[in-house]
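Here's a structure for you.
By letter and in written order, the chains are A, B and C; residue numbering begins at 1 in each of them.
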Amino acid sequence: MSILEARDLRRSFTSTSGMLRRHRKETEAVKGVTFDIERGEVFGLLGPNGAGKTTTIKMLITLLLPTSGSASILGYDVVDDAREVRRRIGYVFGGDRGLYERLSALDNLRYFAELYAVPAREQKARIGELLELVGLSGREGERVEGFSRGMRQRLHIARGLLHDPDLLFLDEPSLGIDPVGARELRQTIASLRTQGKTILLTTHYMFEADELCDRIAVIRQGELVAEGTPAQLKQRVTAGSVLEIDTFGGVQDRLERVLAVPHVRSATVDVRAQAETLVVALDSGSDVTAAVLAALDGIPLGRVVAREPTLEDAYVELVSS
Amino acid sequence: MSARFIAAMRVLFVGGIISFRGLFNWLNPYIYVPTMLVAPIFQVLLFAYIGRSAAVANDAFYLVGNAVQYASIPCLFAMANTIAGERWTQTLGIVLATPANRVALFVGRSLPVIVNGGFVALFTLAVGARVLGVTIPAGAWPGVLCAIAVASASCTGLGLLQAALALRVRSTAVLSNIVFGVLLVFCGANVALDAMPAWMASVGRVLPLTHAIQACREIVAGSAVGDVLGLLGREAAVGGVYAVLGLVALRFVEDQSRRRATLELQ
Amino acid sequence: MTGLRSAVRVLVMGWWLQLKIVAVNAFDGVLNIVYPLFFATTALLMYRQSGSPQALVYAALGAAVMGTWSAMATSASGALQSQRWQGTLELLVSSPTRMALAILPITAALATVALYSLVATLVWGRVVFGIEVPIVSPLAFGAALLVTLASLATFGFLLSVTVVRYRTGWALGNLLEYPGWLLCGFLVPMDLFPTWVQWIARALPPTWGMDAIRAAASGASPWRDIAVCGALGLGYAVLGTYLSERLLDSARRHGTLALT
């Protein structure tokens, strides 16, 4: 049995605007999402801002009721058996909110240990283990307001694991953390994975997903557009190669011409500090570099590189097609 | 008219109204109605009933005292919010980096505050009179309007000084609440100055609202505006002194912050 | 049985940690004590003019209990909002503990802090105005205080839950401050009001608590008032628990738990 089953989950929001004449507007944030998570796997949910990742998670962790569709965790329905679901899941989100700033790390953990009904005699040992796991041993007596983002994030994870949940939700845990902190965080998640924890992870960083996830689903405008292992996604989308060309002005107007070249599957422009980099995905086995360069005739070009596709290429193609 | 003068006038009026709307989030009806229109009526009722229970003065005394004193809530809070509030939105540094005339900038922000404070006091007076059954003669209203306008302006002067202080403390609302409390006790809203210990009465005389409350009471009791010009003059003078102190303090805070980078909150 | 024990543990632990949080925030804490003092001072100055010592004792006791009401009305209505700002409201809701058990300790901590305001005002009346409040039966006085604060905590709990979907709940709390001061018999005897207003006053636990505290101080029997106060407090707790489940369901339906 899958640990999580989501079936055609939908959620819409009504917003009203205007003070005297109220305008109601219905927006559909999640438009029928279906997926399963198996025990012991790290499942990545990727998508641009506003694609419906967080809304999907909030329905799964019982904070938001689906407009229609259903989801169950370990056989418990997220709407009807909310308390049973809550006992079995942990929820950690990114950013620096969600902690009692004026309490010590230890007090934060003790409080949530009570809320999750961790038996009193197990609490101390459990909290000690978790502090060790997230590398906060020795700092537990300090108030959270003095913690760095990375430390807060690791404390969040310890909080989410207090009751040894069967399924852990990590919603953009690396949001706003510096590279060193993010690396430590990835190590923590990787060690959870080796312990056999089941995790649902959302992130913006493709290398992070590539490194950590067993399976990935990509969500775009409320719909799943692809699902598979990182390797499958890379293959499925760009079984071919990628051409990167640095240009200096005017490339946007040539996109049509580049796309018209045979064997070109997609072309996107990545604006960097000085150059605009044209990223062109090509069919495998084709060498149309000369034709692409001809299509760019007349605008100043810089470096031209051909390389293997990354997960990020796959992602960009999926969410922008 | 010189271009610089016109620019200063535009900063004064247009800039004042825009920043008032941008920074004074209380204009939201869910906040405005409870804090600006309903709460003052209850303050009037509370003290009028305590007055009835203690049997010291009539309802009109407490009605006028508290209606005018409550103008300090919009004056103090709005002034602090429109200036110190910029620390939260991290825009004060940007505003101070502009060449706009500082006096026009800050005084401009005070104009909508004065109008709003006057409106709150008038509303409270009119509705409170209905609720308590106090009759204010129709002929007294122009004088009342005049006294309330002076009261609101002079209290906003204190608000300007307080806003400068608020730039240096963590919680501006706490500061505004304390100044409000000091005014409640000392400005004679509920205890006549001559019923206070002498030192308290002298504190009251250097605070805004004190003279305006007295003037307003006399007008409601039948005096002409001409009879209370002295009181109103003193009220305006007190408010003017605070306003000047406030502008000086704002200049000082601006200089200090450029030296020590203390303006923005992290 | 373990359910009951863990419920008690959640309540006690929550109360203790919330108290820690409130205690750290000294600047706001000072305001909680100082702000009602301005009103107490004004009221005492007014009653002093009447020249009656009994009236001053009446006012000193009333002003002291008055502060507990404002501490509760203003803070409780903003309590869940500040949890929302901190991002912890969602975490509380997503835990398997009943919402009531998570929120009640918050308002209980506020009621505990309100005790400071009460004592501070009594001391203020004694030191500044020289009013000595005789307490004839200290035991009954203590019991009356305790029940008053407890019922205030459950009333605050109901309040905090009621305004959970109202983003500017603090403004509503400020609005409740004055009517409570006016109606609960702190400084104005209830018989000055029309009958329908008296009924509203009787529904508020502090009205009975105030009567009980005055009775205990003067040596009369406070027990009936204490019982009514406690029963009302219990009633508000039950109502609050029911509403907390209802309103949270509605918040889940409308997606209003998070700030973003």
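Miscellaneous remarks
One rule holds in what follows: a residue touches a chain if its C-beta (ideal position, glycine included) is under 8 Å from a C-beta of that chain, and two chains touch if they have at least 3 such contacts.
The structure displayed is predicted, hence computed values, not measured ones.
Chain contacts here run in a simple line, from one end chain through to the other with no loop closing.
Overall, the chain located most centrally, as judged by its C-alpha mean against the mean of all protein C-alpha atoms, is C.
As a whole-number value, the distance joining the C-alpha centres of chain A and chain C reads 44 Å.
The centroid of the Cα atoms in chain A and the matching centroid in chain B are 51 Å apart. Note: centroid distance chain B to chain C, computed from Cα atoms, is 30 Å.
Residue positions of chain A touching 2 or more other chains: there are none.
Those residues of chain B lying in contact with chain C across their complex are 28, 30-31, 34-35, 38-39, 42-43, 45-47, 49-56, 170-171, 174, 177-178, 180-182, 184-185, 189-191, 195-196.
Residue ranges of chain C in contact with chain A, taken from their complex: 6, 9-10, 13-14, 17, 20-21, 24-25, 85-88, 90-97, 102, 249, 252-253, 255, 257-258. Only residues 11, 13, 55, 58, 61-65, 83-84, 86-87, 89, 91, 93, 95, 97-103, 107, 110-112, 114-117, 120, 143, 159 of chain A touch chain C when the two sit together in their complex. Residues of chain C touching chain B in their complex: 27-28, 30-31, 34-35, 37-39, 41-43, 45-47, 49-50, 55, 59, 166-168, 171-172, 174-175, 177-179, 181-182, 187-189, 192.
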